[in-house]
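Both of the next two complexes hold chain A, though its partner changes from chain B to chain C.
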Partner chain A sequence: MSTRHDFARALLDPELPCPAGLVAWNGSNPARRFQVYRNNVLVALVDALASNFVVTHELVGEAFFRAMAAVHVRAHPPRSPVLACYGADFPAFIASFIPAAGLPYLADVARLEYLRAVACHAADVSPVGEGALAAQLADEGGLPGLRFALHPSLAVLPSRFAVVSLWAAHQGVGDLAAVVPDVAETALVLRTGLEVEVIEIPPASGVFIAALQSGRPLGRAAEEATALGAGFDLAATLGLLLQKSAITTLHPSRSTP
Partner chain B sequence: MMPKLVQPASPAGGVAAPGAASLPPRCGLGLKPEHFRGILETQPNVGFFEIHAENYMVAGGPLHHYLTQIRSHYPLSIHGVGLSIGGEGGLDAAHLDRLAALIDRYAPESFSEHLAWSSHGGVFLDDLLPLPYDRDSLSRVCAHVDQVQTRLGRRMLLENPATYVEFAASTFTEAEFIGEVVARTGCGLLLDVNNAYVSGVNHGRDPWACIEALPLAATGQIHLAGFARDVDAAGDPLLIDTHGAPVSQAVWALYRKVLERVGPMPTLIERDSDIPPLPVLLAEARRAEGLLQAVAGSFKGNAGPPQVSLPPTGGGLGGAWPWGRSGVAP
Partner chain C sequence: MSAITTKSISAASLALAMGAALSLAAAPATAQDRMADKEKCFGVALKGKNDCKAGAGTTCAGTSKVDYQGNAWSLVPKGSCEKTASPSSPTGHGQLAEFKEKKA
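Up next is the complex of A and B:
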């Protein structure tokens, strides 16, 4: 195969020999020199993951994280030169990474961190104006059919684990030792202004917001949230979305969305 | 004649930075998110800022927020690290489109990329990898540079690489290769003095001789950076281009000689890892500015202004099609 092909394969596969055709001025073994490239590639890609998964890194420590990330990087190298959101597959990889099985919440913490990275770089979109909002809310008959576009940074992460508390404890909020990991928490991730926020919300609110986000009308979304049977506070959930400037467009049922 | 930084309170009429045709012949710094606020609060007197294009290829959020503000006060250089101009396959058209959009948005005074490859078979390897300097590579690199300049509608600068290996298949020296690319495409040279030093040492050659052999008349910008020391399998020095240390004495000495040859030239202090506080980088920038001012004085004493940024083909100075066209090597 071609020079670049052999070179590229050997960069990501430490079992492969140094590619043929490399020379050094002093006749020394070029494998030692090729190792610099191998190391550069691995370090750069592991660093790219480390910058998006800071708490995951802290939870397992430097050596474990870098070893785990190296396995992932070699199996799933980036497909784009834009690395801001590299690591979409990393949480699922962690979930199946046997040496990390002792920390069952680790994959969900990584999911939360990935959503934060995406939220940080999501498009800037202004919230819906107060006048338009008031007009729509005044039309009680139209409310159940009202659809919402939510801010592109917004995501909901329901977890069997205390992902928000675990994450917050690593931001100096709360005591990590006091966090009970096996308590289910639902995270709302969104960017307000320049800051990405992580907010714990009731599970029913998570169901509601996720339903709105996937395009279902207000009435259907509220039904799904209520069906969870855990109590659902529609006014409080809508209030939170408004407070966080998360509603960007309203689509009345009579208009085509 | 140095362009003055316009303070935020100044009327808009005096803004020297955005929209200017080229970077000022001063020292600039790489723009790092950890310095965003400090830059806006203190408005340091630096010649320009440089960003890595790929870091800003995101839809919104704080990166664009801060870059927009900083760009309104300073000249800007956009430096690509992901086009893979030395790659075997064609350029990634979607990536080139993203780059064009970024350049449209920020209208930088300079755009540069590397004589290297970083993607292969759809995988991005996040390193600047070496290529054999043969006719095959030459025609591909020229075609890629042509494609970039055509898509962007502007001249680009091509940076000489830091390398750790050489290829038995190479039939050109690096300087000859770059000279051919410059001559055929009309692109300019981003002379990375640290890379020239690192490669010279790593390949047992005199770094100054390597620099002198480059098409220096096409120089449009200079990069300075620091390296780390390692050894190869024979125990000979192997320098690693880390951008993680201050500029070395040897590179400062070469920089001075380069300036004496090409005249005052926009110069970047590159620091991409172990990033120190802003004042540390500003001190390094002041050292470069001192050398720039010294050489500006001596060049003023000469008969005419130095032809510092003109490629042999006269590219980049207006005309309907300022770049040469690359022919296919027979």
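Up next is the complex of A and C:
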């Protein structure tokens, strides 16, 4: 057990010696072979981060990204053998990473990219039928207490920075040079069918959708969004959710918020 | 729950908005329709994200990057460190200490 522990620790710390008791199948130097293996582990994990955080990578360049990712990999090795969603802690790590402080928006771009990765792998759930919605509409008194389940791929990311524009510019949409990073943007991330979408929404819509997602009833969520005083458009926001098949279940409730 | 002062929204206005939302959403083809002519193909789209990485990470090509283990750190953030206002602040992160050692 402690051999395994030593082995795991030495994999992530190049200062540690080759674990004792290793034997190479062909009699070659196990310390040398362990170094190769250790290096492969690190390179593979850094590669995994690089493919989950493509735009983050482009923003800082390869050398910086790989060095930053290597530090992260050592501090936060994956806890699952599935690397498709590796990097949950990477955005927060970037936010506290002093050498990246010159790019304050970098962490939020990474957050957006991580939400995309999660959305890509989220479960399929069919949207609620329009019949059910129409029936709900007929019961006007129940609307304020109505709760929604939203699609598991859906996430809202409010940012102080132009995360959507920055991300989009790296997909060939818009001109990166024309993006002003310090403009606040709210991103809606969700998957429709097989496609992960990133949509910029007004901040009030973001508050509304996040409130619905956390289980607050329609009336309460609409009030919170309206309280922002930024001209919240309830019909347009609900329309967007319906259009994107993002509402999956209705939970009627008679209790008032 | 929150400190925000909320103005109550009537059920009637919710109904109005929801009715409008339904008609907004009714117009375009839904995602379900677009899925009809596609099929799921697992394990193809996301190269390098699974554990069967037969490329750089598993061949000896990887050993050429052995530098990253120890000294890439001093190689890279030099430029950006110079831009950082307070590089002297020790945050208690092991990695930063390592970075400084290497750089010194």
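One rule holds for everything that comes next: the second predicted complex is superposed on the first by the 241 of 257 C-alpha atoms of A that agree within 3 Å, B and C clash if a C-alpha of one lies under 4 Å from a C-alpha of the other, contacts with A are read in each partner's own complex, and residues count from 1 in each chain.
In the analysis below, a contact is a pair of C-beta atoms (placed from the backbone, for glycine too) under 8 Å apart; a residue touches a chain by one contact, two chains touch by 3 or more.
Since we're looking at a predicted model, the values are computed, not measured.
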Note to self: Quick one: is A:Ala67 in contact with chain B, with chain C, with both, or with neither? Answer first, second, both or neither.
What the structure shows: second
Notebook entry, point to check: A:Thr3 contacts which: chain B (first), chain C (second), both, neither?
Noted result: first
Notebook entry, point to check: Thinking of the overlay built on chain A, is A:Gly239 touched by chain B (first), by chain C (second), by both, or by neither?
Noted result: second
Notebook entry, point to check: Who does A:Asn40 touch here: chain B (first), chain C (second), both, or neither?
Noted result: both
Item checked: Contact breadth on chain A, by residue count: chain C or chain B -> C
Next item on the list: Pick one for A:Arg79: touches chain B only (first), chain C only (second), both, or neither.
Entry: first
Note to self: So in the superposed three-chain picture, is A:Ala48 touching just chain B, just chain C, both, or none of them (first/second/both/neither)?
What the structure shows: both
Next item on the list: Would you sort A:Ile98 into first (chain B), second (chain C), both or neither based on which partner it touches?
Entry: second
Margin query: With both complexes superposed on chain A, which partner does A:Val180 reach: first (chain B), second (chain C), both or neither?
Written below: neither
Next item on the list: For A:Leu194, select first, second, both or neither according to whether it touches chain B, chain C, the two together, or no partner.
Entry: both
Notebook entry, point to check: Do chain B and chain C touch any of the same residues on chain A, and if so, which?
Noted result: 36, 40-41, 44, 48, 81-84, 120, 194
Next item on the list: Could you pull out which chain B residues touch chain A in their complex?
Entry: 54-55, 57-65, 81-84, 87-88, 92, 95, 98, 117-127, 129, 131-132, 164-169, 202-205, 230, 232-234, 236, 238, 240
Checklist line | For the chain C and chain A complex, residues of the former touching the latter | finding: 2, 4-9, 11-22, 24-26, 28, 30-32, 34-35, 38, 40, 46-51, 53, 55-58, 60, 62-63, 65-66, 68-70, 72-73, 75-77, 80-81, 83-85, 87, 89, 91, 93-96, 98-99
Check: For the complex, which residues does chain A have touching chain C?
Finding: 14, 35-36, 38-44, 46-48, 50-52, 60, 63-64, 66-68, 70-71, 74-75, 81-84, 86, 96, 98-103, 120, 126-127, 130, 133-134, 136-137, 140-141, 143-144, 192-195, 218-220, 222-224, 226-227, 234-245
Notebook entry, point to check: Of all residues in chain A, which touch chain B in the complex?
Noted result: 2-5, 7-8, 11-12, 21-34, 36-37, 40-41, 44-45, 48, 77-85, 120-125, 152-153, 191, 194
